[in-house]
Amino acid sequence: MKVLVTGFEPFGGATINPALEAVMRLPNEIAGAEVVTAQIPVVFGKDAAAVAAAIDAERPDVVLCVGQAGGRSHITPEFVGINYANARIPDNEGNQPIGRLEEDGPDAYFATLPVFAMVDAARAAGVPAAVSYTAGTFCCNEVLYELLHTLATRHLGVRGGFVHVPYATEQAVTMGEGTASMSVDMMVTGLTAMIEAAVTASDDAVAAGEGTEQ
Amino acid sequence: MKVLVTGFEPFGGATINPALEAVMRLPNEIAGAEVVTAQIPVVFGKDAAAVAAAIDAERPDVVLCVGQAGGRSHITPEFVGINYANARIPDNEGNQPIGRLEEDGPDAYFATLPVFAMVDAARAAGVPAAVSYTAGTFCCNEVLYELLHTLATRHLGVRGGFVHVPYATEQAVTMGEGTASMSVDMMVTGLTAMIEAAVTASDDAVAAGEGTEQ
Amino acid sequence: MKVLVTGFEPFGGATINPALEAVMRLPNEIAGAEVVTAQIPVVFGKDAAAVAAAIDAERPDVVLCVGQAGGRSHITPEFVGINYANARIPDNEGNQPIGRLEEDGPDAYFATLPVFAMVDAARAAGVPAAVSYTAGTFCCNEVLYELLHTLATRHLGVRGGFVHVPYATEQAVTMGEGTASMSVDMMVTGLTAMIEAAVTASDDAVAAGEGTEQ
Amino acid sequence: MKVLVTGFEPFGGATINPALEAVMRLPNEIAGAEVVTAQIPVVFGKDAAAVAAAIDAERPDVVLCVGQAGGRSHITPEFVGINYANARIPDNEGNQPIGRLEEDGPDAYFATLPVFAMVDAARAAGVPAAVSYTAGTFCCNEVLYELLHTLATRHLGVRGGFVHVPYATEQAVTMGEGTASMSVDMMVTGLTAMIEAAVTASDDAVAAGEGTEQ
């Protein structure tokens, strides 16, 4: 098996993106599956195109995109990607789109990774995790939606999903009390456990939504 | 024109549901449209059935369901309903379903109300409001999804959506500092402004997502 | 009896200060006590001097200063004022002091109003309220500390304290979901109930800290 | 020089106290100062007595008590301890006191550690930190107040203070998204940096409140 894991470059004036930092530190093999990684730009359109190109090049069995959700305390697999963008800040090339992502696409796709089992796995590894039901309306959601659209239309049988990580601790150092964060080491531990769960889950288990809700 | 507005009964041990309180105080006419209201149970299946029955009985042009999102500070029209339930507490008949709502339904429907224009209208009326991108996984989301499913399959041309309201102030009296709330009077003002926006919006404006993002 | 109630002018770029809005709408008499009000500047030193001058002019039995604590959800009587300033933003004349307020004053004074009974009274009137144990390190705390210092050294027998109010609802209209607020009408109701509790409390009750903790 | 660092035992049904976990992992020497540690009970009266006994036994130059403030995201040195208890949950022997801690003591004492320099040191070590102006009204504040009272009346020249730490990550694993936490390793790094700042600060620097405010 092969797993493609992508991480976004920094954006919004930040010097690092903890998602990318964590992805770059993942082991080359998890639960017997080869792990390949890719950095993708925070640019509407180009980010999804980069993911699609990596899929074409790597032919993975599982695709996991990782991004930052500043302010969250937990690592959060996303349940759903929606066919909509509403950018409150410019992306790294100044775009601020509002509207549907795919004119003729469905309103949303559910991730095809075992998000509940992934949360269980992260918790078992000691990492706070929870399923999220909104990936926002910026590039993270766009990449998730477009990934699932691509998989549904062009790569049947390949599973995909998205995980948001908190601010890295070093980012929170310059922010006020009340801003949650997580060490990149812990993100690596959590992502590794989640990837293991994604790789080892059966199709039936994914379809049944196996795992423990909080 | 006719608008059907529904409010949930109390649940989870509460003695009131601010959504119902506010809905019951709405005027009988808003922007020339007749307003009819209905109380619906917090019971999976029965709630959606009650909404469907009210649609059949009233033949409204617009349907707005209202529920409580305890902890939010703003009145929040929901952008999307998802085809999934995951009840963390029992409903009023003890059900705690997990899984798809409609086996063969799409993963999600976008509300067909002008959610951004509704937020603008509430703000212009002095009421804090914002678009929400998750209605949760309890009865509120279920009712929204099933409403949009019913409208898409059986009542083409009827618009529908869902608005969450905060705790009423009297509920927050017994909760700690940090628990946001809103007076029911203000909810009535906000809902009235939102209904006026929903009633007066053109189909094109709804499709174009007219309104100001925050 | 006579009660002096002060409210701060707007600051930090805001066009209103909900504390002042609420104070200006208080009735002229509460529980048989005359209510006199004063607007005070958000300027270190001048604010406390204005309170002291109003005390000299009005000879009140009870002094209650009111200020805004943006972000809080409840009306919060302050338990303690500390002998310290640490201004994170400039006051209305550009001062940003850091350090002790009174070189030879004690580190802190407890308010001499019945803060718990005041919270009970506000709740009984339907207004969310809670005791706070920090008034911050800006002008609100300074005014509280200097008030209590003045009362302790120059006006023995006069009781004093401070109450923080949330953002007014109209302020939150332009802020994001998650920003709590309260209508000025409700602040007036809550402050009136609190003043009644302050006016009618016996010295023994104040000393004993009567009232119900949450 | 010698530094006494204390950590509370678990309380409120928890199986660990991250404060104690972190204190127990501190090095034996920091910046040339000997570090001695003590576990203290979460019992009003007995906790302060245990600190006082450890001071008598160890004769330290600096005393730092450490406790848990569940829900905070940052390590927070406390600026002030107040002469008041108001226990919302029972301590480990079932006590829930309300009232002054020392009938004839002053209303509050400021910590005599360089809290701002300690925050700077933790941040320089990569650990989110901020000064706090309330230690609450449970055992943590009681221990801080009683420590400062003891030092002021019986051990002139010995400096003392209190630091709150967040939930440990393993505690947050069973809590929902939105609950901030920190790894115990990071707490050890932060506390070590803070102790170094406390040990190396001159009396003048402490008196002047040297350090950078956020």
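In this document, chain identifiers A, B, C and D correspond to the written order of the chains, with residue numbering beginning at 1 in each.
As a working rule, a residue touches a chain if its C-beta (ideal position, glycine included) is under 8 Å from a C-beta of that chain, and two chains touch if they have at least 3 such contacts.
Heads up on the chains, UniProt names are A, B, C, D = Pyrrolidone-carboxylate peptidase.
Note that the structure is a prediction, hence the values are computed from the model and not measured.
Novice: Starting at chain B, find the fewest moves between touching chains needed to arrive at chain D.
Specialist: When the steps are counted carefully, the minimum from chain B to chain D is 2.
Novice: When C-D is set beside A-D, which has more C-beta pairs in contact?
Specialist: Of the two interfaces, C-D and A-D, more C-beta pairs touch across A-D.
Novice: Among the chains, which has its CA centre at the largest distance from chain C's?
Specialist: Farthest by centroid: A.
Novice: Taking the mean of the CA coordinates per chain, how far is chain A from chain C in Å?
Specialist: A distance of 47 Å separates the two centres.
Novice: Report the inter-chain centroid distance for chain C and chain D in whole angstrom, where each centroid is the mean of the CA atoms.
Specialist: Each chain's C-alpha centroid was found; their separation is 30 Å.
Novice: Just curious, how far off is chain D from chain A if you go by their C-alpha centres, in Å?
Specialist: From the centre of chain A to the centre of chain D is 38 Å.
Novice: Could you pull out the residues of chain C that touch at least 2 other chains?
Specialist: Where chain C meets two or more other chains at a single residue, that happens at 214.
Novice: Taking touching chains as linked, do they make an open path (line), a single closed cycle (ring), a hub with spokes (star), an all-linked set (complete), or other?
Specialist: Basically the chains close up into a ring.
Novice: Which pairs of chains touch each other in this structure?
Specialist: A-B, A-D, B-C, C-D
Novice: Inside the complex, what are the residues of chain D that reach chain C?
Specialist: On the chain D side, the touching residues are 79-80, 82-84, 86, 88, 98-99, 106-110, 133-134, 136-137, 209, 213-214.
Novice: Residue numbers of chain B touching chain C in their complex, please.
Specialist: Contact set of chain B toward chain C: 72-74, 76, 123, 126-130, 132, 169-170, 172-183, 186, 214.
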